[in-house]
Amino acid sequence: MTEQTAARPEVSRRRLPGVNPVYVLVVALLLAIFIMNPAFGEPTGYMNFLKRVAALAILSGGALYVIVSGGFDLSVGSTMTLTLTVIGSSMLASNDPNSTYWIIPLMLGIGLVVGLINGLVVSYLKVPSLIATLGMMITLNGVAFMWSGGAPRGYLPDTFRFFGRFNISDVPLIGILPVAVICLVVFGTILWWGMHRTNYGRMLHAIGDNPQAARLAGVPVQRVRISAFVVSALTAVLAGVILGGRGGVSVDIGSGYELQAITAAVIGGAQLLGGRGSVPATIAGALALEAIFTLLNLIGLAQPVRLVVQGLILIGAVALATYQRKRAGR
Amino acid sequence: MIDAPVIEMRGISKSFPGVKALRGVSFACARGEVHALCGENGAGKSTLIKILSGVYRPDAGEVLIDGKAQHFSHPQNALLAGISVIYQEFSLLRERTVAQNLFLGREPLKNGIIDSRAMITETQRVLALFGIRHRIKPETLVADLDVASQQMVEIAKAISLNAKVIVMDEPTAALNEAECEVLFALVDRLRASGTAIVYITHRMREVTRIANRVTVIKDGEVTASFDTVPAPEVIVRAMVGRDISEYYPEPAAPAEIGKPVLTIAGGSNASLRDIDLELRAGEIVGFAGLQGAGRTALAMAIFGAAPLTAGTMTLDGKTVRLLTPRDAIRAGIGMLPGDRKASALVLMQSVRDNGMLTARSFAHALGRRNSNRFIGIEGMDGLLDQMKVRAPSYEQEMRFLSGGNQQKAIVARWLALRPKVLIFIEPTRGIDVDTKASIYHLMRDLARGGAAVMMVSSDLPEILGASDRIVVMRDGRIVGQFDRTATEAELMLAATGEAAGVAA
Amino acid sequence: PNFDDPAEFAKQREQLTATFNGPADQPYLQYAGDAMVDTTEFKKEGPWTVCFSNAGVNNPWRVVGYTNMTEEVKLHPEIGTFTHVDAEGSDDKQIADIDDLLAGGNCDALIVSPNSTAALTPAVEKACAAGLPVIVFDRGVTTDCPVTFVHPVGGYGFGIQAADHIIANVPAGGNVLMLRILPGVDVLETRASGARNMFAEAGLTVLGEEFTDGDNAKTKSIVEDYLQRGTIDAVWMDAGATAVAAVEAFEDQGVDIPVVTGEDQQDYLQKWRDLGFKGIAPTYPSYQWRTAVIAAVNTLKGEQVPGPEWVLPQPAITQDVLDQYINEKMPPLHYAMCGCEDMETYPEAWGGTK
Amino acid sequence: MTDTPLTASKPPRFRFDRHASTILLLAAIAIYIVLVVALGQTRFLTLDNLVAILGRSITLGITAIGQTFAILVASIDLSVASVISAAAVVTSVVMNGEPSMMLPAILAVLSLGAVVGLINGLVITKLEVNPLIATLGMSLIIQGVLSYYYNNFAGAVPAEFQVFAYGSVGIVPYSLIFMFALAGLAWFVLRFTRFGSDIYSVGGNQDAARLAGIKTARVVIGAHVICSLCAAIAGIYLASRLRSGAPWIGAEGVYDLESIAVVVIGGTVLAGGRGGIWGTMAGVIIFSLIDSIFNVAGVDAFVKQVLRGIIIIAAVAFYAARSQRPVA
């Protein structure tokens, strides 16, 4: 911001306004929960809540990478299913605690491959990611079932469930500190850093905004896009580890999470089809989704009513964000 | 002969987030006159037009058509009121045919069903007006046309409405001399038939050639209005607020021209045939030719976007094979594409991000975004200032900048990398005189700094004014080489093939 | 459809304790009452092609059941080919599948496990009309044209067994949380309505009926939320899939585990034994998948089969018999009441290890 | 002014992607025949079986016709599944076995569809909510309202009405004829009416369309109304086929994602502005063929899923791979 840019045409120097509505939404919801149920104010209350969100929050943060790059990843849910049931099925027929140390890397390996395939199919076969990952979703579910024969064959050892289930107790101030929350903070920070502090993050925005221009500006478009799908798949695995840790092994664990992740990102103000998105806001979006669920639980609304409310909030949040962006000219 | 104004705009004001684009602008245009609208990039010309045509609503002021106040809420209202506009940025549907584009939203119906035959014949009639009936077929997809022809279709679309007011926002930006002449002839005819024409351009000679009156906008305000066309210098002074000394910089002295940086021998590909070329350090080489002559193709070939399939290319004496833009950039070649929106800009990102993009692409992917081995944020801001990019803040999203300012930001992008060879494709398309001059000087400075500059342009005066050496292309071949003393006539001859130029 | 039918409720409460005909050690051959249908009209020389239109194998219970079925088929050399078409849980698809089978026209008998009762009725009628012997099992159809309809006692029965256990172990005025998979599935609805009434009579407070979509994480969240708001004396489950998650919710909160009902999945049975809370596992026996095949075979042999309904016994696993159903070597979601231990491919075919 | 003898237009390239769906369809048929012959199951080549195959996916087909409009105008509709459920339930509840109520029921359902489409369109155009989100939200809302009142099969359609799904002239079911008639109508609208051409224009470039004076919002809304109407009709058909409607039958058929898949396989680009109805029909038939092939070959349920996923990708890749446009 300098002299002659300030000079003409006369322009207001103040930063364009606009706190992302999602943060307001989250605060409001959490307050409402607290009012409904003061117990929520105690560590066990909100820590349980955060513990619950961890998986979705991390997942959404990863999904955001693909969204910002201009695509969709519908295969994250099935990636969770596959990796978990594969573990739950073939690897862990015997509940061997030590297996965890080689199984998580193995799961990440599978995630890597899935992400690579998604990326390659979109980049080189030019299949729209919506379809490519839809196909991948169907395929992976099939593979998961094939592999496990329709139901998991074994249990997840406690060493594995540690990440999603264990609480570090009697921590000063907060009392309990779930491991899942630590994971959330760590991976959340990494995702934030990658998206908002590195050249990579800016390139991601660029290819989502205008691939042709990015290419002619020297951005390695294919590589960046593929990596986005890889990040998404890897976070899916991590989220899976936490989710499996929390709930234990089940058949279709993770199904439905793909849409939730996208929803969280969009509530966080991400632009579908690319070019704009924020990791913290997306995580806030995930918090909002979970908060809605909890709140409706508390109010004791009937399942159907909850669906309606969720639908309204979803549309409302996005409409508001769009409106604000238009007013702020950003 | 100039009677009551058809359109009159009174005290129009319009602001966008962070920008006051127009402040109390009044403007009028009468039947049978061509009213030129001049102003620097970002002065507010297009905005004014978009208010006239119902794209934007004014914050203040009123629009009168034939003396009656109008409140357009949708472009359709303006169209119905007899106002037709050729917008600065293309508004064609690439996947539809020329005919379908011409009749977009107003297809002729025969008992409820679209009458395709009528569309075709009417389209042919309109195209005939330009004498381009054989060049553009009504059934062709716009996507299959080159830029010039697309521009022609845009114009045809506006004409075919038989509107009483036609607004042309930089209609010749993508046209070469011959094509411009066709347009001017058409404008004369329309004027004679009593149409009111608002004509926006950055090219002074066009103003002198066709305008009856001139209005100059600066920083969103009318700074001058002439009922007869004054000397270009007068207009320019009104636009810029000062005289522009040496419009074109000094050519390179023989001593300044160094050894060959880039050479091509027998280069060919789908759209190029055995190109022999030599670009020397410190030299600006202008590439002239008609649309489709292959200049862009050559540029794309050198830049690795549409690589050569035969022949050899050397850079600093070493043979290179550049298969992607990345290869080229790494080897020290830069390029500014002709169609900014499609090929250069990331519109949702900030001005800064646009400037930093290339530097970031070659810095460590996980390195800090705000400084890398090429340049840091401060450095970039410096370059943007130097380019006089006008924006409320460099954090402003690119899409809110005017065409010219966008172009300047892209130049800054390349300056950051100090390339050995820099290719400018139509570098001043839609750029105001002041900025033009600064871009010419900039090219010269780059050359003096030891770079080889390749300039593809359809603007002959610019070719002649800014180049040290001129290459003329036709049908994917190099058909002639001239030095800066050549005349426009010579170049046109070579370009159209009516006579071979001096073989180099 | 009416899911609160006192007559049916009474009948099933009846049948839970009734004595069944047939070999005591082979529950999948037993049947209530002694109504038989004559099948001589369908008598046919082997080898037969037996066709099976399956609603889907989209949950562990159906997986175990389908394994039972394929293993049973292997025991009958007369079955030349066994054609299985899977509707992946869609009525629309299953109707089309049956059309395909009929159009193909080489089935000697048709076994149908309807995805939903009303919707599949026309298709089944069409099959009957084509002169095929049709065996229906699990969920029924609203026509009596099939040879027989194989099913265990039923949903009310399941609900009754679970509710009885809770009522017996929770003092009046206690709080019961009812956790359900999803609304609408007939067999699940009847389980709930039966229990609901019984709790009302016994003066227990139902804290709420929550749907878990069979999602462990969600189940845990729900229980946690209820725990934050008060005590829970019993958790009633309409299916065992998420029982363990519910138990873990108490475990993780460091709360004593109250009565938590479940089903015959190994993971629940083992949790129950390890933590020693007051559990019970009503069952919806998967051995009915074997029975369906047997019914088809007998029909094609022209032998009498129990009908028009072949009602199978539906035992509940209680504390005293718990250990004999637990088998660490089986997968966590293996349904213990499979009546498959006597087959020699057991346990491998069911994903277990010797 | 003399004609400048220049060939400005590059030689029109053969637009492979425009014929791809046909090629795919032929390929699928070929595979089917080869397989059937190879397995010596030639009786599957009878006319009955052909009809059975075409009749497999009427619901999907009708839905996909509507989805084509939504996607052509560069939008998308994830609410079709819920609309199908709602329509089916309303149909069977209103009719409730009464032949006399058939007309009222159909009218009620159609207006329901129209309203949903209208709201979708308004939210997308006026509130500028991304279509994916708008229709996803709408889907939740419909599902909620629906399952608030019904949690199972409700009502019943009279026998007379089942004719729609089960009746036939000769061996050709009315429903099949109906579907192709509907497709024909859609084709006519897209090809010969101004509304149709507006759909392509708005889908191709909304700004350009607006500058040309097209009321883009109306076009988008119109497309969504058509889309929801088709979904509603699909629901009516499903009610007639299932004799009754339940709140989950739409979701259970995955008609939302599958309809999108067949439209894209049919060569309509998600970005909008390019494609057509017959491609979609080809896509639908391909899906039916896949299912039949699996049944004939007796493919295991899980393997079936794996293959289906791969086929979807492969089918789209088949022509997308050649396109020059960058995708994401």
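Which chain is which? They are A, B, C and D, in the order written, and residues in each are numbered from 1.
The rule we apply is simple: contacts are C-beta pairs under 8 Å (C-beta built on N, C-alpha and C of every residue); 3 or more make two chains touch, one makes a residue touch a chain.
Computed from a predicted structure; not experimentally measured.
Please state whether C-D or A-B has more C-beta contact pairs across its interface.
A-B
Just give me the whole-number Å value for how far the CA centre of chain C lies from that of chain D.
The separation of the two C-alpha centroids amounts to 36 Å.
Please report how many Å separate the Cα centroid of chain B from that of chain D, as a whole number.
43
Determine the centre-to-centre distance between chain B and chain C, using the mean Cα coordinates as centres, and give it in whole Å.
Taking the mean C-alpha position of each chain, the two centres sit 73 Å apart.
So which bits of chain B are touching at least two other chains?
none
Residue numbers in chain A touching 2 or more other chains?
Those would be 150, 212, 215, 303.
Enumerate the residues of chain D that touch no fewer than two other chains.
147, 301-302, 304-305
What are all the touching pairs of chains?
A-B, A-C, A-D, B-D, C-D
Which residues of chain B touch chain D in the complex?
Listed in rising order, the residues of chain B that touch chain D are 53, 55, 74-76, 79-80, 85, 87, 90-96, 100, 104-107, 109, 112-114, 130-137, 140-141, 144-146, 148-149, 178-179, 181-182, 185, 290-292.
Okay, in this complex, where on chain C does chain D touch?
Residues 1, 3, 54, 56-57, 83-86, 88-93, 95-97, 99-101, 103-106, 116-119, 121-122, 183-184, 186, 189.
Would you tell me which residues of chain A are touching chain B in their complex?
Spelled out, the residues of chain A in touch with chain B are 1-5, 8-13, 15-16, 194, 196-203, 205-206, 209-210, 212-220, 271, 275-276, 327-330.
Tell me, which parts of chain D touch chain A in their complex?
123, 127-130, 132-134, 136-141, 143-148, 257, 260-261, 264, 269-270, 300-313, 316-317, 320-323, 325-328
List the residues on chain A that touch chain C in their complex, please.
37, 39-40, 44-45, 48, 52, 55, 88-89, 93, 149-155, 165, 167, 243, 246-253, 293-294, 297-298, 300, 303
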